[in-house]
Each structure stands twice: as structure tokens, then as C-alpha cells.
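Written below as C-alpha cells is the structure these notes are about.
Here the chain labels run A, B, C, D and E in written order, and each chain numbers its own residues starting at 1.
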Amino acid sequence: MSKRKKKVGLPPGSVVYTGSIQDKNIDIHFIQYDEEHLEEKAYSNLSKIVFLHSSEVKVDWYDVRGIHDTALIEQIGKTYDIHSLILEDVSDIHQRPKYEEYKNGIFLIAKALKFDKTSLSVGIEQVSLYFKKGFVVSFQETETDLFLAVRKRIQNDKGKIRLHGADYLVFAILDIIVDNYFIVLEDIEVAIESLEERIIETQESSIKSEIHHLKKELLVVRKSISPLREAISRLSKTDSPIVERNTEIYLRNVYEHTIHLMDTVDTYRDVLNGLQDLFISEVSFKMNQVMQVLTIVSTIFIPLTFLAGIYGMNFQNIPELSWQYGYFALWAIMIIIFIGLLIFFKRKHWF
Amino acid sequence: MSKRKKKVGLPPGSVVYTGSIQDKNIDIHFIQYDEEHLEEKAYSNLSKIVFLHSSEVKVDWYDVRGIHDTALIEQIGKTYDIHSLILEDVSDIHQRPKYEEYKNGIFLIAKALKFDKTSLSVGIEQVSLYFKKGFVVSFQETETDLFLAVRKRIQNDKGKIRLHGADYLVFAILDIIVDNYFIVLEDIEVAIESLEERIIETQESSIKSEIHHLKKELLVVRKSISPLREAISRLSKTDSPIVERNTEIYLRNVYEHTIHLMDTVDTYRDVLNGLQDLFISEVSFKMNQVMQVLTIVSTIFIPLTFLAGIYGMNFQNIPELSWQYGYFALWAIMIIIFIGLLIFFKRKHWF
Amino acid sequence: MSKRKKKVGLPPGSVVYTGSIQDKNIDIHFIQYDEEHLEEKAYSNLSKIVFLHSSEVKVDWYDVRGIHDTALIEQIGKTYDIHSLILEDVSDIHQRPKYEEYKNGIFLIAKALKFDKTSLSVGIEQVSLYFKKGFVVSFQETETDLFLAVRKRIQNDKGKIRLHGADYLVFAILDIIVDNYFIVLEDIEVAIESLEERIIETQESSIKSEIHHLKKELLVVRKSISPLREAISRLSKTDSPIVERNTEIYLRNVYEHTIHLMDTVDTYRDVLNGLQDLFISEVSFKMNQVMQVLTIVSTIFIPLTFLAGIYGMNFQNIPELSWQYGYFALWAIMIIIFIGLLIFFKRKHWF
Amino acid sequence: MSKRKKKVGLPPGSVVYTGSIQDKNIDIHFIQYDEEHLEEKAYSNLSKIVFLHSSEVKVDWYDVRGIHDTALIEQIGKTYDIHSLILEDVSDIHQRPKYEEYKNGIFLIAKALKFDKTSLSVGIEQVSLYFKKGFVVSFQETETDLFLAVRKRIQNDKGKIRLHGADYLVFAILDIIVDNYFIVLEDIEVAIESLEERIIETQESSIKSEIHHLKKELLVVRKSISPLREAISRLSKTDSPIVERNTEIYLRNVYEHTIHLMDTVDTYRDVLNGLQDLFISEVSFKMNQVMQVLTIVSTIFIPLTFLAGIYGMNFQNIPELSWQYGYFALWAIMIIIFIGLLIFFKRKHWF
Amino acid sequence: MSKRKKKVGLPPGSVVYTGSIQDKNIDIHFIQYDEEHLEEKAYSNLSKIVFLHSSEVKVDWYDVRGIHDTALIEQIGKTYDIHSLILEDVSDIHQRPKYEEYKNGIFLIAKALKFDKTSLSVGIEQVSLYFKKGFVVSFQETETDLFLAVRKRIQNDKGKIRLHGADYLVFAILDIIVDNYFIVLEDIEVAIESLEERIIETQESSIKSEIHHLKKELLVVRKSISPLREAISRLSKTDSPIVERNTEIYLRNVYEHTIHLMDTVDTYRDVLNGLQDLFISEVSFKMNQVMQVLTIVSTIFIPLTFLAGIYGMNFQNIPELSWQYGYFALWAIMIIIFIGLLIFFKRKHWF
């Protein structure tokens, strides 16, 4: 978050990149399609890029991967008449998911998540979408191709995507982001289940920090889903002519998925809290057992050792010492004490 | 949940079965009735099935048990003009309970629950209902006959079910699902009460994981009831002509039951949390007792053993050793210390 | 709750008694009154009962005590044209408090509570009220005369009750039920205070299960009050002509009492949670003290006993043993160690 | 609360004193003022009191201190035409703060609080206010002069109070009550801070019951403020002609204070919960230290004492005993073990 | 808060300084600007100050630093016709952030925060803003120049600030306050992360009070942001002509930031609670380890020492003592017991 400091005091609308990637290439994938035609270009040399003026008949999608070149963002902004507050948000990777309607177009921020199973950590990629009739531009920070499946559906004839406009494309992008949340949560579920097993088998010290870690990662997921749910809800209810009635039923479907996701996240949090309690009680249960062994051994042998000490004393006049079977009598007494205490502990259910 | 992965990137409306049952037969029970007539057929050979076009006078109910044959679902969808998003949801067994109104009909998802008393675990069966005037189709994953009681009421003349339309049949199905929730909660209550008794009697290690387990199962029940409550509320308030005014009073009754169920689930969660606290305090109370015994035994015998050790030393000049009654004097001192400490502990209420 | 099982699959409106009282008599107390006249009858032989048709001028109140005779309930239902769903609820003792408006009359369920101070447990009696102009019928499961005070006010001229209609009588009944809640909560308060004192004085093992028990009883009280509050709120705001404007101000008063009750219940829950924390910390504090005594005794005597052991060894060449004042020198050393450790522990504030 | 029992079954509007003060005098302070005139009387002999009929031009304020004389309350009620439900509430000291609008006037209940710094407990005084144009009557249980500052402002020319009507006087009374809450909370803050210091310095057993006690007192404060906030909100938004537009801006100010108070109370609760956690962890941390000392001492001396025991045995054939330097060799071995264990514990960071 | 006491009983609108700074200078920075002109003055000698009557064409901003001179505040109030309730709030440094619309202008209170990294504590500075067309006055308690960045943007031609009116200036001030919150939270995040590392490495006693401290500071931040969010929301939705439509989009942006901040604060609280749990379980885990060492050492050596004690007894007839290899046999037995117990503990996973 320390990039915030750069921005304090700057006028609103200042396009400042707040991430840490500086030396990577910026890739721009361009697709133009309608029901019949399809044109695709991938630019990695930005000097050659030509920004077409959208026709509203075909759909133009610029998929920009890399946002550290603020000049490029400002150029795109100028070409397609995008409000400077939008450009500011695009270049700031610490935005909350949100939905904003402007006169010319609609702006959306979502967070694409990825779960790394070895480090059990959630990776975040901020996706900014700006669209109007026949035009969509998406921004992300890294080069990862998040929307391969969407492009495949455009390329194949099967998908209905070519029959619809820019709003349906945005739906398809959001749909794939939300679908990925399910996969992330599945992976987290697997991690939780393996934790649960390990708690019952062993009580390694590391488990508690893993639980703590997973809870933090779930907070990250929650912070990504919760405002996105609201954003999609508002998108699905918009009056804007940019979104067609037909698309809304699909958006409502995505909205239901986000509700489902929130439910699941909250359930997992409850489960993790339960695991934490379970871990603590497992540990204290084991300590209990250990303590009981100590108690039993001590409580039995301390009096016996005391008796042995008594007859180890060097008083000149200890009558028992000169008895013929004194030693054996003492053993008998000790064994009676030993067995008596064992029975006492058994009755108390101490072992 | 790992079936989610198959679906990422597919266009919406793709009918993909996400469960694990593949080789079981699919049974379809068909009932057609009105006040006077009743016809019943059970198909397990699907090739012979004939889908009748609903007359709106009689009620046709197709009870489909088995959803792994997506071709069949798509055929039913085509025959009765059901939206592809509905078919997608029917074949995905990981849906949240929900209510959706479409132009032609109403779609509902509910979860039928079953509690297994030995494993203390809740089994879930997703039930999807689609209905319009004179036509109901219900889908479930397994062969279990969930709605036997409903069919019996249709067969017997007693039930009012034959006097009403498809909406009342849907109510009867929902009513039986919700009634089953009460039985599940009763069984859980019995399990909780037996846990409570066992906590006070013994402090077995397994109790804490059973509490944890029951809490997880209650979360499952809660996730089934909570959205169903909302769905039934919306169904009971619908303006759709498919649902008649007379049925609404019955639906409101079911709705009240779901509220009652939610109350009960929340109460049980509170009770389970209380049991957990009780268990921990029982365990630590017992450990306390154990520790006190250790303390008392140690605190009494450690000084006595020390004294015995003193007179076990081999110094050439220990005057006490040669006293005539030194040994007996020491015993007297030791007994005084012993009794003194017992009184001290008694006063401190340490035993 | 196990009576639920009997009912699964029955059509709605089936009058099934779900309680366990079977062999008790059913008493019906009948009062008819207006400003000037008063007639009272108590039937315990049900064959002699005559159900009058209400005149709307006088108020007829049938106070039915005992609901296991479902035929009787159905007869009353038929006589006064009561909806079958109401009769079903009347005979099911596991209903939530609720308020329902029907075309002919208003139906209310409340729970009368009683606190048993020895067992610290809350007894529940379900009271169902159905009323319309000039007619009130109340149902309860046992013979207890819950509404003696109301009947006394009707008999005496003092009470304003004779000047008003059936709605005011219903208010008076609800008022007495709600007033009883205050008494129950007072008793619970007394129980909580005695628990608090006992926690500070002794740390008996039973206290924690008593706290747990009281928390469960408070949950019962809460589940009785919370929906009743809603029911009374809706009754006080009704547009039904059965309830007169004048009565509403009194109903709002009862409504305020239920809010007050909810506040109190929640406060008590907080107090009980606090007591639980207090108990646990008292117990662990005491264990702490016990541990400290053990530590002090062990830490002092273990090194001393070691020293005594050293000079109890039988090596042929231990020079100190033959020193004239070796024994006394060792005592001196031991006393110095003893006092030194005491000072050390005192400095550490360990006792 | 045990006074409740007296009231069960009484008709609504019964004026019953529920407090415990019986033998104190009742004082009535009367002030009549407008912009120019001011008349003040203090009655302690109630027989001499004259109740003036309010003129609506001047403001008459009867400040009644003592409510155990229900006849007096009923007389005031009759003189000024106050609804019997109001009189009932005035004489019942266990009311929740509330706001009620009647045809003739407005009725308000608030709780004046006082914090006793030695016993750390909150004292409650219920203040009931009834007012209409030109007339205010306030009731409280004890003789304490709560509203001295208000009377002083009326007596002095400075205050704007004389320029306004009865509604502004009510505002001034509420304002002083709410201002006193801030003082109570300040005192509680001081108490919390002193607790915090004491937790870090010492771990006295009494601290935990003090925290528990303060939490209970905060619950009392919360229960006084929370409904008052609502009452003032409704007063400030009223359409009643009794409250003038000008006064509303002042009432909104008081309302904001109550919000601020609620915030503060909730913050203090959080802080107290935090203190409780802190106390428990301080105590267990200290116990930890104590245990570590025990462990170190035991773990070091137990093996050494064992060795000493070995060579205290009386076997006829123990070769080491006859070695010339056996005793010194054993000392050397013991010192090596001693130092070795110290280093081991140091490495483990156990001390 | 103890300044509250000074104010109880004073009439509303009394301007009383409630802070503790008395002897510092008061600085007033004055800026007057429109698109083309810019005039700046800094007064520290208040006698020379001239209050200009605002022209509504240019924007006049008085930045008053120091509020202990209540006469000055009252003079400003009189000059610019500011309501006395506003002046009272300005001089009381314990106000909640709030938004109030008056006939002539708009009044806002916000809290500027600063985080001190060494003491990990949050410093609060209350900023009061009053503005109308062409006029802004801001008050703060200390001399710190909080709004340097805003003045720089006014001085530079770059910022759009000169093109807009007083409302945009207020936005810029709020924006800088809110931006500072992000920096405070970043610093807190760094503090939390360093705590997390230290918990895993060491278990110093001080960590728990640091967690407690940070939680208290977060409560302070929360209490500053939460009402400010509401205030900004109401400002951005106002109908007042003082705020122009163009500014609203910027205000909504600030509003979104406050939502983001609240999210972050709540997340941090969750994380701190998690850390507390982690700390407690780390400490008890370590104690566990220590206890296990004690148990192992005691459980092994206590029986061995007992055996040694047995053969240290002085009975005349102990046959084993005279056996040739009795001593070595005992050693063998002891070593077998030693190893046996080690294996037993190993199997139990106790070390």
C-alpha cells in the first residue's frame, strides 16, 4: 500500500501507477467481431498500435495487459473519451471492486484471484473494464492471459457470444472471473480438510499459523467478492441503454453466484474458527494426558521414596531396622500403597 | 465441488452434470390427475417414455430421479420449452436453493436433507422443481423416493390435493421437504443431548471433534434452509398467475415453518457453542483437580523426604542420631508437619 | 419434538395433538359478560357443553384447558367457523408465537412461561387465542388456571374490562402473559446473582453447568418473547375492525413491555457470558495459586534434598563428613539457601 | 425488580409505586416564568400546594421529587388531565426511557445517571417528563436536585431559556441529563485506565471481578442511553404543535450527543473485553514463568539427586565408593550435568 | 474528556474551549483566489487581521490554526453570520465527525489522523470546516500545516482547483484528510506485520499489550472514519446550491475511499484478533513443550531414585545388598527402565 504516499496531495484524476512492475512489456490483444466477421491482433510493440474508432455495429475489445505505462492509459483515455477519474482508478492497483456509470460508458473493477496450493496464498490481479456500445477495454497488471476461454468462445462458432454486443462480452469476462473464485474456494476447501486431518493426527506447532494464514487469505477473498457482488447487482439493475434486457438475466445468474460464494466464504471462516478451537482443545487435551501421567507417577513414588528415606536414616535406635523381615514387610507395605493408589486413580478415571 | 473446474469458460446454459453418479438407472415416475381421474406410470426404460403435452386441465407430474443423462434433461427442456439456464441449474448439484420466475413457468431449487444417526452426518439431495399451469417436473440426483407421501395423498381420495392445480402440488412437495427438516433437527437435538450427558460423565477426547462435526452439519442445514426461506417467501408473494390465491395461505404456512427452523438451527448452534465451553471447562476443571492432588502430595512429602535425607547423611558428628528417642521424635515432628499441611490445604479449600 | 414425525406427509389442516398429556380431564371455563350482566360456567364433563352463538353485544369467552381431544377442537372449529390451519396450530404445541389475520377472526399464539426456582428451569405452556367481535376462545395444554387475575377483574366491577369488547379481553390475556415474563426474568435474575456470589466464594464444578443451563433457559425465554413481540406489534397496528382504536394504545403498551423484556433477556445473556468468563478466570486463578505453592515448595526443597543426598553417600573419602562441625555448617548453608529463595520469590511477587 | 409481582393482574393504568423509598418527604419545586416575570416556590408540606391552571403564556414547571405518594400523582393527573397510562409509568421506576405523544401532551422518560467512584457503580434515577404548551411537570424518585443548573439559567437573565416555551425547558432538562452521561463515561474511562495500569503491574485476583463489574455497569448505561436516543430522535422529528421549529435544532444536537455516547459506550465495552483478554494472558504468562522455574529446577536436580541416591546405597560391592577421588569425580560429573542443562535451557530460550 | 465538566449546565451555543493548549500562538493563513488572481497572507499577530466580506466571485479561505481564543472564534462567527451552535462545536475538540446544513452555509467536522511509528499511537486533530459560496473557514487546534498540499495546488497553475468554487476547495481538504488515513493504515499494517513476525520468533510478554494497544488505536481510527463516511455521503447527496453538481462526482470518490478504509480497518481488527489467538496458542504451545520435558525427566527419574532409596536403607537383613553383583544388576535394571520409558514416550509422540 506504500504507493499511497506518492499520491497524497495530487489533484484527483492524476494517473499514477501504484504497483511495482516496471520493466515488463505491455501486451495489447485486440479482437473485433460481429456475427459474421472476426479480426484479431496482438501488439507487443506499442508504437504500431492503431486505435480504431468504434462503430457500434461490431464489438471492439482491447485487452491491455500491463498498466505501468501511464502515458498509454492517458492516450487510450483521450482516444475513447474516458473520464480522468476512471483512468486514475485503472492505474491504481489498490482499488475496491466497484461499478460506476458515466455519461459515455460504464466502468467496473473486479479482482481476479488465483490460489497457490504450495504457499496456500491467494494472488490478486485487478481487472478494470470500461465499455460502451460496441467497445470494451480491459486492463490488468500482469501478462497472464486471464480471458483465454472467452476468446476461444469468440473464435468458435458455438458460443452465443458473437450474437450479442459489448455488454454480453463484459458478462462473459465477469463470469469467468467469478467461476475462478469457485476454483479458488475449492482449493481452500481442500487445504482446510487436510488441516482438519492433521489436527486430529498430530499437533504440530505450525498448524495454528496455517489456520491463521488461511483465515487471512479468506479475508482477502471476501474483500474481493463482497464489493463485486454489489457492483454486479447494480450492473444487472442498470437503466443504462448500454446493457440490453437479454443480458440482464445472465448477469443476475452471475450475481447469484457471488451470493453463493459469500455464503461459502463465511462457512469456511466458521469452519476455520472451529478448527482453531479444535486445535487448542486437542493441544490442551494432550497436555492434560501428559500432566496426568506426571501426577500418577509422582503421587505414587513420592510417598514410597519418603518411606525408603526413613529407613535410610542413621539413627542409632530404629527398631524396625533390626527386625528379621523388616525389609520384606516394608516392600509389602509399599506394594499395598502402590496398588491402592492405582485403584484410587482408576476409580477417578484418571487413566 | 471439483466439478466446477469442468465448467469454467463454458457458455452459460451449458447442461453439465456436476455430481459423481454415472452408472445408475434413471427412473421417471409420471402421474396425471384431476379431481376424478388418476393415471400413474413408472418408466425405468427411458426409450419408452412419452412426454405428453400438458392440457392445463389435468395436472401432469414428471418425477425424474437421476440427472446424469444430460441429453434427457435437454430433451425435456425442449419438449416443455424450459430456458437453458434452468436446465444448467438442474444438472448442477451444487446450486443454492432459489426461486426464479420465467415467462413460461416458475423454477425452484430446494435441498432435501437426511440425517444419519450413526455417522451424525447430514445427507443432501438437491430437488429442482419447474412448474406451470397443469405441469410439474421435479428432478433429483438419486433413486430415493422422496415424495412417496405426496403420491399417497394423490392416490387416496382424502387429501385435498386432487382439487387443486400444479401450484398446490408444488406446495405439497415443498411442505414434505420442510417437514423433513424438522425430523433432521430432532435427530440433531437428540445427538446434542447425548453429547451433553457424555460431557458431564466422561471427558473423552472424541467429544470435541463430535461437537465440531455437529456444528459443521448445522452449517450445512443452515445453508439449505436460509435461502429456501427466501425462495418460499418470494413464491408466496408472487404475482404470477401460475400460483393461485388459495395456495398462498398454505405457502405462508410453510414459510413460517422455515422461520421456525432457522430459529431452531440458531438455537442449536448457540447450545453447541455452550457445550464446547462446557467441555473445555470440564476438562480444565478435571486437570485442576489432578494438579491439586499432585500439589498436595508433593507439598507434603517433599519437606518430609528432605528431613529423612538429613538424617541419612553420614556426618560423623550428628548429635540427634545418637539420642535414644531421636527416631521417634522425628516421626512425631513429621506427623505434626503432615497434619499441619493438611489443615492448611483444607482451610484454603484445596481439597 | 419427536411428534413431528407423526405429521410428515399429512395434508395441511390435519388436527394432530403433538404433546404427551393423554389421560387428563379437559376443563372449559365459560364467561359471558357485558357492562351489566355476567354469567360464568365451568364444564369438566364435556358432554354437557353448549356452544352459544355469539351475539356481538356481549363477550363470550371459552377458556379451553386441554387440547388432546382433537374431536372437541374440530367441533369448536366447526361451530365458530374457524379455518382448519388454525385448528392444526392449536393442537400442535410446538408452534412459534405468531399473529394471523383471517377473514372471520384473528388468531394469536403466545407462550406462557413459569420458572421453577429449585430446578432453575423454565416451563412453557402454549396459549392459542382466536377472537372476533364478541367472541374469544383460548386454548392451553394443561389444567393450570393461567388467567385467574383476568377473570377476577371481570368479576369485580373495578376493572374497565367489562366496558370493552373481545379485543380488550385479548389484550388483558396478553398483558398477564407478558407480566408473567417479568416475574420469570426476576427469578432468573435472582438465580444469576446467587451464581455470581457462589463463583466468588467457591469454585464448585457444578457452577459451570448451571451457567450453561441458565443460558439455555434464557434461549427458551428469548424464543418465546421475540416472535410474540412481532405478533403484538402487528396486532397493535392492524386495520381489522375487530380491534378498536382505544385498545391499540394498550396494545402498544404491551408491545413496549416486550421490547423491554428482550432488552433484559439480552442483558442477562451478556451477564451470564461474563459470569462464565469470571468462573474460568477464578478457576485458573486458583490453579495458579496452587501451582505457585508447588513451585515454591519444590524449588526450595529439591536443591536441599540434593545436598542431603550428597552427604548420605557412602564414598570412603568424603572429607566434609569427618569435619567436627560439618553437619552444622551444612544446616547453615541450607538455611541460607532457604531464606535466599524465599526472598527471591517474594521479590518476584510469587506469593 | 421484585415489585413487578405486586402488579401482575392489575388493570392497566393502576398507579402503583414500585420502588423502596417510603418514609422520605416529597418536595415540589414550582417555577413560573416568562421573558419578564419569574416566580419560584418550594413546597415540602404538600397540603399547602396549589396547582395553577396553566396559561400557555407563561411556563409553569412543577419539579416533583418523590413518587411514593400515589395519591399525589393521581391528583396531579386529574388536575392537568394526564392519561392514566402515563401516571402508571411515572410511579413505576422500572420503565425503559421512552417517548409517547398523547392528544393533550407529550410524555418522556429518561434515566439520570450518577457514577460512584469508590464503588465503581452507576446509580439510576428515573425522570419522567410530561409537558404541553406552557406546562411542564417532572417526576423523580429521590430528593436530589438534578436540575439546579437549569433553574439557575432560568433565574439568570443570560440564558435564552426565558425567551422560549415549555418545549425548550424540556430540551434543557434533557440536555443536562445527557451532559451528565458524559461525566459518568469520563469517570468510567478513568476507572478503565486505572484498571489497565494495575493489570500490567500486578495480577491481583480482584481485577477480573472489577472488569466484570464495570462491564455490567456499562450495560446499565447502555440500556439507559439506547432507548433515550430513540426517544429524543422521535421528539426532534415530531409534528406536534407543542414543539416549535426553533427547538428542534437544539434537540437534534442532543440527539447527536446520544449517538456519540453510544459510540463511546461501545468502544469502552470493546476496551474492557480487550482488558479481560489482557488480564488472562498476563496471568497465564506469569504462570508460565513460574512453571519454567519449576521445570528448570526440577529437571536439573532430579537427575543429580538420583546420582547422589545411587552412591548412598549400601551394596557391599560398589567399586566407585572405594576409589580415592570417587567423591570428587562425582562432583565434577554433577557440575558438568548442571552446566550442560543450563546451556540447553538457555538455547531453548526457557529463561 | 474531563473538560466536559466545565460545560454541564451551560446554555447551548456557549463557546468553550475544551482542549489543553493555552499558550501557543494562533496562526491564520488567508488565501483569496479565482482563475486568474491569487492573494495569500499569513497572520500570526491577530490584531492586524482584516476579515473581508466574501464576494462569491473569488474564493476566500481562512485557515485558522489554534482555537483556544474563543473571542476570536466568536468574532469570526459574528463577521460571517455563523450559528452559535457551530461555534460551540468548533471550540469543543471532542466532537464526532459530522455534517450539518444551515440556512447560510454548510458545517463539517473531520478528524485528521497521524500515526507515530515509535509509540505506535494515533494522534488526532479535529478539523472544522464551514463554507458557503466563495467562502471557506477551517479550524484546527494545533499549528501543524495540514493542508500544505492543497495550498500548493492552488499556487501552481496545474491543479484544477482554481477553476472551481469553495465546494471544490472543501473537497480537496477532505480528500487530503482521507488520503492521510490510508497512510496511517499503511503504518498500522507495517506494525501488525512486524508483530506477526515477532510472535512466531519470540514470545515476549510485551507483545500482548502491543496487540491490545493497536486494537485500541484502530478503535480510534474507526471512530474517526465511520461518522466521516456518513458526513461525506450526506455532503455528496446534498441539494444545497452551495455544492455544485460537478463536485459531487469527486465527493462520491472520497466517499468510496472512506468505505474502502472502513473495510481495511475491520480487516485489521480481524487480523489483530487472529494474532492474539496466535500469541496465546504460541505461548501455551511453548508451555506445553516445557511441561513435557518436566514430565519426561520426572517420570523417568522418580522411580529410579526410589530404587536407589530402597538400597540406601539400613535394614540389617537386605539380601540383595550382599550379592556379589547386586549393584551392577540394579544398574542394569535401571537402564532397562530408563530406555523402556524413553521408548514409551517416543511412541506417545511426547517428544
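In this text, a contact is a pair of C-beta atoms (placed from the backbone, for glycine too) under 8 Å apart; a residue touches a chain by one contact, two chains touch by 3 or more.
What you see is a predicted model; the values in this text were computed from it and never measured.
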Touch-network distance, chain A to chain D, counted in steps: 2
Degree value of the rotation bringing chain D onto chain E, based on Cα positions, nearest 5: 70
Distance between chain centroids, defined by C-alpha means - chain B, chain D (Å): 42
Interchain centroid distance [CA atoms averaged], chain A/chain E, Å: 26
In chain E, residues with contacts to at least two other chains: 284, 291, 294, 298, 302, 305, 309, 312-314, 318
Chain contact topology (line, ring, star, complete or other): ring
Chains listed in ring sequence, where chain A comes first and chain B follows it: A, B, C, D, E
Footprint of chain D on chain E - complex, ascending: 1-2, 4-5, 7-9, 11-13, 85, 95-96, 98, 202, 205, 208-209, 212, 215-216, 219, 223, 227, 276, 279-280, 283-284, 286-287, 290-291, 293-294, 297-298, 301-302, 304-305, 308-309, 311-314, 318, 320-327, 330
Partner chain D, residues of chain C touching it in the complex: 148-150, 152-153, 158-161, 172, 175-176, 179-180, 182-183, 185-186, 189, 200, 249-250, 253, 256, 259-260, 263, 267, 270-271, 274-275, 277-278, 281-282, 284-285, 288, 291-292, 294-295, 298-299, 302-303, 305-306, 309-310, 312-318, 349-350
